């Protein structure tokens, strides 16, 4: 009885929510559009150092968002590996010698690495960029991993943590360098914009892949022993 | 009515579905699916609505890219937590009684 | 800022700092703690004496700064505040001496004396507060600092009493806060001013003013133990005797009564209050409380509880005095602020002595105690006669002055109240004295300790005698300048002709 | 007109897969449907002229999230687990 | 100079997050001390600068809004930056001693701590709707990570619940942002406000504000969306609980309040404002009531947070269509309430942690008779309690006074009742702790005194909460500094 009432209430709430939202979207779509942001953006595009507007927004106009977003990724990575069995992130269960997987691996991995490289390189003037490249790279890693490649760097040691932090650190150093030179935080020095963006994108690709991979492998395997508990509260 | 607006409205429906899932489902992974669906809905609204009159707008597209990365980070973290929680307590829901129909014969 | 601005602050700080020092001292630092206590009490007393002289000369002591936007924190010494400050300074000194003896060898003394000093600091703040906001600040601080004293023994009973106490006083505090905030909204930030602020208030706000007055009295009446808000007081008797002495004679109940005085005189102004028609109901309420407290005291078998109900009755004398329209009655009420303090503290000291030395708690155990403890019993007798109103003791001065005031104000029914109250006082005190002096002890007294020449520890022996002597002196020397009565007359004069 | 039809079908498919992902009885199937939902989303982004998001959605939404969730399902003892990885029971 | 301060403020926490990620716990502690010093100095410097020269806009990357992201550096923001510096330093210093350095997973405490701090600064200074979203996620994920640290089943349960609530809240907020962008074509709050200044209020945009506020209310644990808070705040390690209760919930409230104050008048309506106030009142009563009934010390404190958060939402009705002066009083009162609750609650959680360490148990009963040992932490707890009861002279009292005045001034007398009842109920749960500590029975004879440094920190915070009441006028005067529109570095 209570269950029925509850589902009824939730359904009603969700339907009302959807209805209100759709009405609001419809109304707003009917209002006159005051936005001139795309125009402003294309006017400033040549000052951004890259030709592709989405990349320009991500890594120049709103680079602070991106910096913080990489921070969010790093946080997730940290929180994830803090949960892992401490000795090793290794999951013996996943080391299967599946022949299909092996074949997949042989053909796909090089292809995916090329794709990641292309996406990264394309980011400056065409769709693509660090996120997509990083995701593809991470997917490659997952594939390798499923194929049983050990990947020592994923042990929760200094190397892993350096890898997690690398992209973020480079981004942060670039950001503060201009501030020390007397410009605003995150401003690129004139003339070096494109170079710096490419550098940042490259390291970000690595770090994004690393974080996602770490999160993928750090899920505790079922036979991990309990960590000893010290929390009194 | 443009196709952008159509997608924005679809986003609204996805939001509703996702919200329902988040509130109603008890299995944590299903909640996570619901969260991702709701997230997709929000992103559709975010891009579809401004493009309804103006054509492609790189700003919301960039925002959605950021949003997707944040969402995957949160999802991955949640998966880690859920798996560890299941490992320690054998439960897949947040209710006190471990009566989730999804549980296998452990 | 001049030195004069800082003297009230110093007076406040002496006990505050003493409290902090005591908390910091280790439990075993017995000697040092006693010296800190007594030293601070003496310093404070001398500061108060300086201020009393200064106020008499018309010197302005005061300090103010904006605390919250729109509200100032004001410390100020005027004639009325000096009356309360003087009372608390003198009695703090005596109670400290007494408490040192009373709590000898008992645990948690560091905690006790720390909060005790904090309590006195709050009382001082109440006395020196220059507006209702500041008053409220210290009023609530008093609640908090007395709670650990009430529950000091840590028994279930003490904790229950503590809970009752807190529920009553915090609720009262909330009502008071509401009233103060409302008043602030209606009339702005009002400093205490002789003659008050609402002499010619806008008739539009009369209704609000009356409602606020009721709320104010209700809030303050909890601490002043006005019927029907007195329930916490008899229960709080589980506290150690020095606490009862301080709570009942000085700090808590007087804070409430003092607050009502401040509201009637220095916020509303006595004439405005009278014009609003709120004084007469207040007088009736006070009169009823006087009789009610006395009746209830009659049936109590526990000595401290009897004294507690006596307090309920006696504090309302103050309220009655100020709510009769006229300077003479006002002086009678005000002087009772002091007189009742001195007399009641004597009685509580004595009750504590009986309990501590002979293990007497109930009245029927008191048979023949007079011969075993003559000094204490003399003091008790003086205090009790004072309460009854026998000339020339303090209580007589009060009742006489108040009676003349009532006649002057054409409120003859007050005389009836005063007389019947005196009869009732006699009815519940005389049997005690009869038992003390004229009955044979039921058995032998416990003699587990050797006190030396005195009947009890010297720390316990002298304070009640001293206050008993004061009870006599303030009565006999009532007409001298600087006697409580003349000081009260001074205040009444200033209030009625600002 | 064809475009409209395409858009309409896509939106319908999105909604249906989303609902199916949440309501399918088996967790494993739910995740598979969710991956399909991700692929459809990628197509939707192409239709919205947002190729960057489409790429990201394909790689992240459909790819990584899917693998992550599938892996989690197999660990949480979903019903399909034994069939999915035979001979690989709990140690 | 200002530029350097800003860069330092933004750079330090992020950089220290990376630095501490590369060390273990003990070395991370040393590194953190350095970072705390820098961050406190920078925050103080910025506060002093703004107190002297007034506020300004700071365009990140040299781009101005609406193209770039602009930070809004005004008196209120820098006051909260400074408050964060104080409270977070206290929690950081406390955690350095409190947390066991030998557990390998505790090394991850410091990076999460620093990320949390940087996220808070983002929110205080943020002037861009989407940037605020990212800041919120930064805060939420690091907070979840901190709660989950150590990974007991209960902690995981609490952190999962927290994570889901936080994610849902963020999404709802983001949905609101999407509608805002669709309507106004800008993400800058100032841009929206100036657009509304010249155009009539567009239809359909009310929902955008409602969604944003709802999402934020969920993250702030407004009744009835509060269920995730007590487990998370109760189960985390005490310094983490302190951070969460003192600062994290305030971040989302701060955003909601700023949005309401900027956009509430055009986009909101009276019923919504009253509804939010009503929910806040329900939180006050319900949270306090549950706090009275919790057997565990930290749960008492956590439910007290639910109640105290309720007061904050009285801002909505008390600033909607009222006179300028009443609105100002309400804003000042709420600001004081935020600050004093942050200080007092941090003090309370840290002191509770010490008491648990001393008594060896989290139960309220375990405190029986501890006042006999004169534990310093009990004093701190008590003092902080005075502020929560909003008794004078604490900051909590000053806040309540201003809110009372605002309620009276706007004629919305029903909030007065809520405040008075809430004050009494909070006294009930605070005195419950006092009472337990005064009970003399066969309690434990041994009593573990924690390290002095652990005990001093909550005391300082509690004294600050106390002193805030006396100095509230001065504090508020900095917040009310004129904001120089268009002034920018």
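By letter and in written order, the chains are A, B, C, D and E; residue numbering begins at 1 in each of them.
Here is the rule we go by: contacts are C-beta pairs under 8 Å (C-beta built on N, C-alpha and C of every residue); 3 or more make two chains touch, one makes a residue touch a chain.
In this text the structure is predicted, and so the values were computed from the model without any measurement.
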Using the touch definition from the top, what's the fewest steps needed to get from chain A to chain C? 2
Applying the touch definition from the top, give me the chains sitting in contact with each of chain A and chain E. B
Apart from chain E, which chains are still tied to one another through touching, counting links that pass through other chains? A, B, D | C
Most remote chain, CA-based centroid, reference being chain C: D
Centroid check, CA-based, most central chain -> E
What is the distance in Å between the mean C-alpha positions of chain B and chain D? 12
Taking each chain's centre as the mean of its CA atoms, chain A sits from chain B at a distance in Å of 16
Just how far, in Å, is the C-alpha centre of chain D from the one of chain A? 19
So what's the Cα centroid distance for chain C and chain D, whole Å? 78
For chain E, give me the residues that contact two or more of the other chains. 130, 134, 137, 141, 144-145, 148, 151-152, 175, 179, 182, 185
Where does chain B touch two or more other chains at once, residue-wise? 8-9, 13, 15, 17, 19-20, 45, 49-50, 52, 55-56, 59, 61-63, 65-66, 68-70, 72-74, 76-77, 79, 81-84, 88
In contact (per the touch rule at the top): chain pairs: A-B, A-D, A-E, B-D, B-E, C-E
If we count contacts the way the header does, which residues on chain A are in touch with chain B in the complex? 7, 10-11, 13-15, 17-18, 21-22, 25-26, 28-29, 33, 35, 37-38, 41, 53-54, 56-58, 62, 65-66, 69, 72-73, 75-77, 79-80, 83-84, 129, 131, 135, 208, 211-212, 215-216, 218-220, 222, 224, 226
What residues of chain E sit close enough to touch chain C in their complex? 329, 332, 369, 371-372, 374, 379, 386, 389, 391-393, 397-398, 400-402, 404-405, 408-409, 416, 420, 423-424, 427, 431, 434-435, 438-441, 469-470, 472-473, 476
Which part of chain A faces chain E closely enough to touch in the complex? 20-21, 23-29, 31, 33-37, 40-41, 44, 60-65, 67-69, 71-72, 74-76, 78-79, 81-83, 86, 158, 161-162, 164-165, 168-169, 172, 175-176, 179-180, 182-188, 227-233
Residues on chain A engaged by chain D in the complex (per definition of touch): 54, 93, 96, 119, 127-129, 131-132, 135-136, 138-139, 142, 212, 215-216, 219, 221-223
So, in the complex, the side of chain B touching chain A is made of residues 5, 8-9, 11-13, 15-17, 19-20, 23-24, 45, 49-50, 52-59, 61-63, 65-66, 68-70, 72-74, 76-77, 79-81, 83-84, 87-88
